[in-house]
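Both complexes below contain chain A, partnered by chain B and then by chain C.
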Partner chain A sequence: MKVSYFPGCTLKTKAKDLDVYARKCAEFLGVTLEEIENWQCCGGVFTTSRDEIATKLSSVRALKEAKSKNQPLVSVCSACHNVIKQTNAAIKDDAEFASRVNNYNAPEDAYNGETQVLHYLELLRDVIGFDKIKEKVVNPLTGRKIAAYYGCLLLRPGKVMAMDDVENPTIMEDFIRALGAEPVIYSYRNECCGGYITLESKELAKAKSEKVTSNAKDKGAEAIVTACPLCKYNLQKNGGDMPIVYITELLAEALGIKE
Partner chain B sequence: MENKKDVCNEIIRRSGVNPRKCMKCGKCSGTCPAYDEMEYHPHQFVYMVETGDIEPLLKSKSIYRCLSCFACIDRCPRGVEPAKIVEAVRLSVIREQGNNHLKADDLPAMLDEDLPQQAIVSAFRKYSK
Partner chain C sequence: MQRIGVFVCWCGSNIAGTVDVQAVSDALGKEPGVVFSTNYQYMCSQAGQDMIKQAIKEHNLTGIVICSCSPRMHEATFRKTAAAAGINPYMVEIANIREQCSWIHKDMKEGTEKAIVLGRTAIAKVHLNTPLVPGESPVTKRALVIGGGIAGIQTALDIADAGFYVDIVEKKPTIGGKMAQLDKTFPTLDCAACILTPKMVDVAQHERIRIFSYSEVEHVSGFVGNFDVTIKKKARYVKEDVCTGCGLCTEKCPQKKVPNEFNLGMDNRRAIYIPFAQAVPKVATIDADYCTMLKTGKCGVCSKVCTAKAIDYTQKDEFIEEKYGAIVAATGFNPISMDKFDEFAYSQSKDVITSLEFERLMNAAGPTAGKLVRPSDGVHPHKIVFVQCVGSRCAACAEKGKEYCSKICCMYTAKHAMLTRDKYPDTDVTVFYIDVRTPGKQFDEFYRRAVEEYGVHYIKGMVGKVSPEGNKLIVQGSDLIANKQLKIEADLVVLAAAIEPDKSARPLATMLTASMDTNDFFTEAHPKLRPVESPTAGIFLSGACQGPKDIPETVSQAGAAAAKVIGLLSKDKLTGNPCVAHSDEMMCNGCSTCEKVCPYGAITYQDKEFRGPNRTTLIRRVAQVNEAVCQGCGCCTVACPSGAMDLKGFASKQIMAEVDAICK
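Showing the complex of A and B:
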């Protein structure tokens, strides 16, 4: 099976482990990630304002490309996925916005939200299946206590992302279990790490991130797993000695294809 | 600047938010991760836009403290979605010529070698036009 793939700017630079292992693991599990040609940066955060058009066009171009191949559009980075999924929903829900977007792009070839947008975790759960992954695990992570960090962008806004229960999610814990490890539940798993505020206020990013790592540590976690490069950066900078790993690294390790 | 009422109506239109749905429970501000650093909090943004008290918001640094975490959007029991109001107020400021909050020249001093590109593009999207 082939799916369209939007890697995003950070996966080509600071977060190569998120990209490289996403491709390798998917291939190993029978799904080829076909990179969108000439994709452009998603912009990192979705602009909620209805009259923001230009900032959403890169997402629309990627969505259209996937539509032309009749494939779902997959991304691993929580931020890319969030921006693309919210843009797709805005096109479906807001006719005025959709018409302005299409006037920019190519009115004769209008896009109306047809593409299915999937996060890599949804690909694993809903297309491949966690049970199938479990069968392919050669290095089960037995005895490892791992805390899932959802942060903000993976789940919110819940009615748009529609991936899981927004306050009591299980997708990452089920993923951890499929790899043979033990998930650690803690209260700050879906609270903000501070995000881009780290540029302006190291103190605020530190305060937010420390709460996450110390809460996970108190609950017995020995590592935190995330799908977001900025979460990883903030938690790593501010979280003491807690190891922070990407979902794809963990998956590659369990599947026996980590280098 | 246009009169206050026009600015508020524009903010309401652009955000798609109906501030009159707010029942002032304060849950948005209670869940806001930037609460301690804000002069005006999410529930106050909603109320002040509704009542036309817009000038203090346009001048406040609070518009740059929102982390776009969408927590207030999901946790509002009335579906008001305060973050959309905060964003619409910020756009009223940064869309004016010369009002970018983050400039490319400021950036080198903020970088370190681990900082992901995602942080930079996100900040530019929120702080500059």
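Showing the complex of A and C:
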């Protein structure tokens, strides 16, 4: 099976592990991630401001290319996924927005939100299936207590992202279980890591990140797993000595394909 | 040709202020068939009605057109007037020139023109009206109350005291409902059990009340005065008439690990159980999901210890068929699940509880014998935070909460806070609220007492997060008045969960063809004037199944529902509405379309003999309308592809004549 893939800028620079292992693991599990040609930066979360058109065009072009191949569009980075999925929903539900975008882009070849947008975790859960992954695990992470960190972008807004319950999610915990490890539930798993505030106030960013890592530690976690490069950056820089790994790294390790 | 009289009402200045009533009566007087036309200040008054009666006699009228307010207001009044003067009441038509004309227009000229058109329309219809005679049906003098909480209990007692037979169907092994789980009741703080259990006993001992406990309504057919109901009596594996309720079996049963639903799972019960000490009927029930004997065939301890020989492992579900004249829905409410509100960490900590769980913790018959301790470690909490509106008034989060106000939470939270402070003065209590709503007799005084006498801290604002850290719960909330973010280290957090109708209400409403709103509360026939009746005739509403209610309100509504039932059952015969559907058998092609669209199940099909050409006989399948069940909604007349279905009093021909009159 082949799906369209939008890696995003950070995955080509700081978060290479997220990208490399996403492809490898998917390939191993029978899904080829076909990188969108000439993709552009999703614009980060700033593009979700409602009245802006130009910054959303990157998402729309990627969605359109996936549509032309009749494939779902998969991304791993929480921020990219959030922008693409929100843009897709806006195009689907808001006719005026759709016509403005299409007039700007290519009116003769209108895009109206037809592409299915999947996060990598949804690909694992809904397309491949956690059961199937469990069967393919060669290095079960038995005995390891791992805390899932959702952050704010992966699940919210709940109605649009429609991935899991916003306040009581299970997708990452089920993922961790499929790899043989024990998920740690802690109350800060869906709180903000501080995001871009680190540019303005190191102190505030530190307070936010420390809260997350200390809460996870308090509940017995030995590592935190995340899908978001910015979360990883913040938690690692400000959150003390708690190891922070990407979902794809953990998956590769369990599947025995990590280098 | 009809001889029609037109009567234009001024309604004081309500109509005459925007409509030139004289011009209307003059114009309509010239319409074909109109032999008399007049106007008067208040047509519905005694003088106005006398004027109509006199005109009927003097001018030998056969049809009447009243240009006045909405037919909802006075159609019945004017029909009676006509009947008193000796003409068929269904020869009266109302032209609504108030709500649909004078009230919504400002310009006298336009208003007058429209009033004339509306009057002309009614005249066109009356030309085609025919006298209609309503049918009659008998009334079964027995009522069914579905749900045995305080609402159902009160309704049943009131109906039975008036001399009619009542059956209560309760799905749980005992009646009592939510009120039996409560500790004290606001605003007087009398104990719920002390005022409820005597009523439960009254029900059990009443010669005209039967209780079907551990039973559910399986099927309902029929119509007002004549409902046929099948009740499923679930197998409880204990002979109800033999069991003495001694409780020995519930002490000896070796299966001890069954979550006790009466205490909301905070402790365990046995597989054979009596829900609580004052249960009615006080008989044991075996929980088939947990009983070792029923699951594996090995055990039988309860049967061995039972001196009354009441245990019967072979018992089967039993189906009882009974006829009823009226049905009361009293299915009650439940707190919503806290699954989707994990920002309050309900699933993460045992010390985050709902208010109903708090009731059980405070209750002397509860899992802690009334001692307020933390469920996690049994330690007395010194700092309690109450969060109101968890899932209520939640317009922004409608996918997980409710948009409406649950109405009872402000008062029970004030009660919980006050009782805590009264019993444990060393415990600090904080309540987070969006608004404190206390409209009710002695309610605001009660809340003020909690604040002023008992020193409960009320903070306007919402809690954003509860985080279990160590053995504390860190409560993060905003104080909107001080404009501050608060962090409180609490020992116990109590969530005032929104309430929603019981899950059994939706399938029941389908069986009863009773309408519901989007929240699954039963809809009343009129929100102000008919609050205890469903729009479906013969179905009545009692308690929280119609909307969130506290006990005083539930009891008053239960009594009101009983009064309506008594009014119905005291009649020997019911007069139906003659404006019902009927099928022209010669045109009916037996396609079943009407049967499928009928929301009341009033249409059935029959094979009937017809005379064919050349003295042959044909058997044809044709539609039959049960006139007592039909509500005259007209769905079938629109759906019928062959034009066989028509509505008496609203025939397609009449409607088309009206349209023609408007378009003329």
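Please note the rule applied: the second predicted complex is superposed on the first by the 254 of 259 C-alpha atoms of A that agree within 3 Å, B and C clash if a C-alpha of one lies under 4 Å from a C-alpha of the other, contacts with A are read in each partner's own complex, and residues count from 1 in each chain.
Keep this in mind: contacts are C-beta pairs under 8 Å (C-beta built on N, C-alpha and C of every residue); 3 or more make two chains touch, one makes a residue touch a chain.
A quick note: this is a predicted structure, and the numbers were derived from the prediction, not measured.
**Q** Per the overlay, which chain contacts more chain A residues, chain B or chain C?
**A** On the superposition, B touches more of the residues of chain A.
**Q** Output check: A:258 vs chain B and chain C. Expected answer is one of first, second, both, neither. What do you get?
**A** Touch partners of A:258: none, neither chain B nor chain C.
**Q** A:136 in the overlay: touching chain B, chain C, both, or neither? Say first, second, both or neither.
**A** In the superposition, A:136 touches no partner, neither chain B nor chain C.
**Q** Under the stated touch criterion, which partner chain does A:187 make contact with: chain B (first), chain C (second), both, or neither?
**A** In the superposed model, A:187 contacts chain C only, not chain B.
**Q** Applying the document's definition of touch, where does A:168 land relative to chain B and chain C: first, second, both, or neither?
**A** Touch status of A:168: second partner only.
**Q** Contacts for A:218 in the overlay, against chain B (first) and chain C (second): which applies, first, second, both or neither?
**A** So A:218 only meets chain C here.
**Q** In the overlaid three-chain picture, which partner chain does A:158 touch, first (chain B) or second (chain C), both, or neither?
**A** both
**Q** Residues on chain A in contact with chain B in one complex and with chain C in the other?
**A** Residues common to the chain A contacts of chain C and of chain B are 158, 167, 191, listed in rising order.
**Q** Could you list, by residue number, the parts of chain A that touch chain C in their complex?
**A** Chain A reaches chain C through residues 158-159, 165, 167-168, 185-188, 191, 215, 218.
**Q** Could you please specify the touching residues of chain C with respect to chain A in the complex?
**A** Within the complex, chain C touches chain A at residues 339-343, 345, 347-348, 399, 465-470.
**Q** How about chain A: which of its residues touch chain B in the complex?
**A** That would be residues 8-10, 13-15, 41, 43-52, 55, 77, 79, 152-153, 156-158, 166-167, 191-192, 194-201, 204, 208, 228-230, 232-233, 236-237 of chain A.
**Q** In the complex of these two chains, what residues of chain B are touching chain A?
**A** For this pair, the touching residues of chain B are 13-16, 33-34, 37, 64-65, 67-71, 73-74, 81, 83-84, 87-88, 91, 102, 110, 114-123, 125-126.
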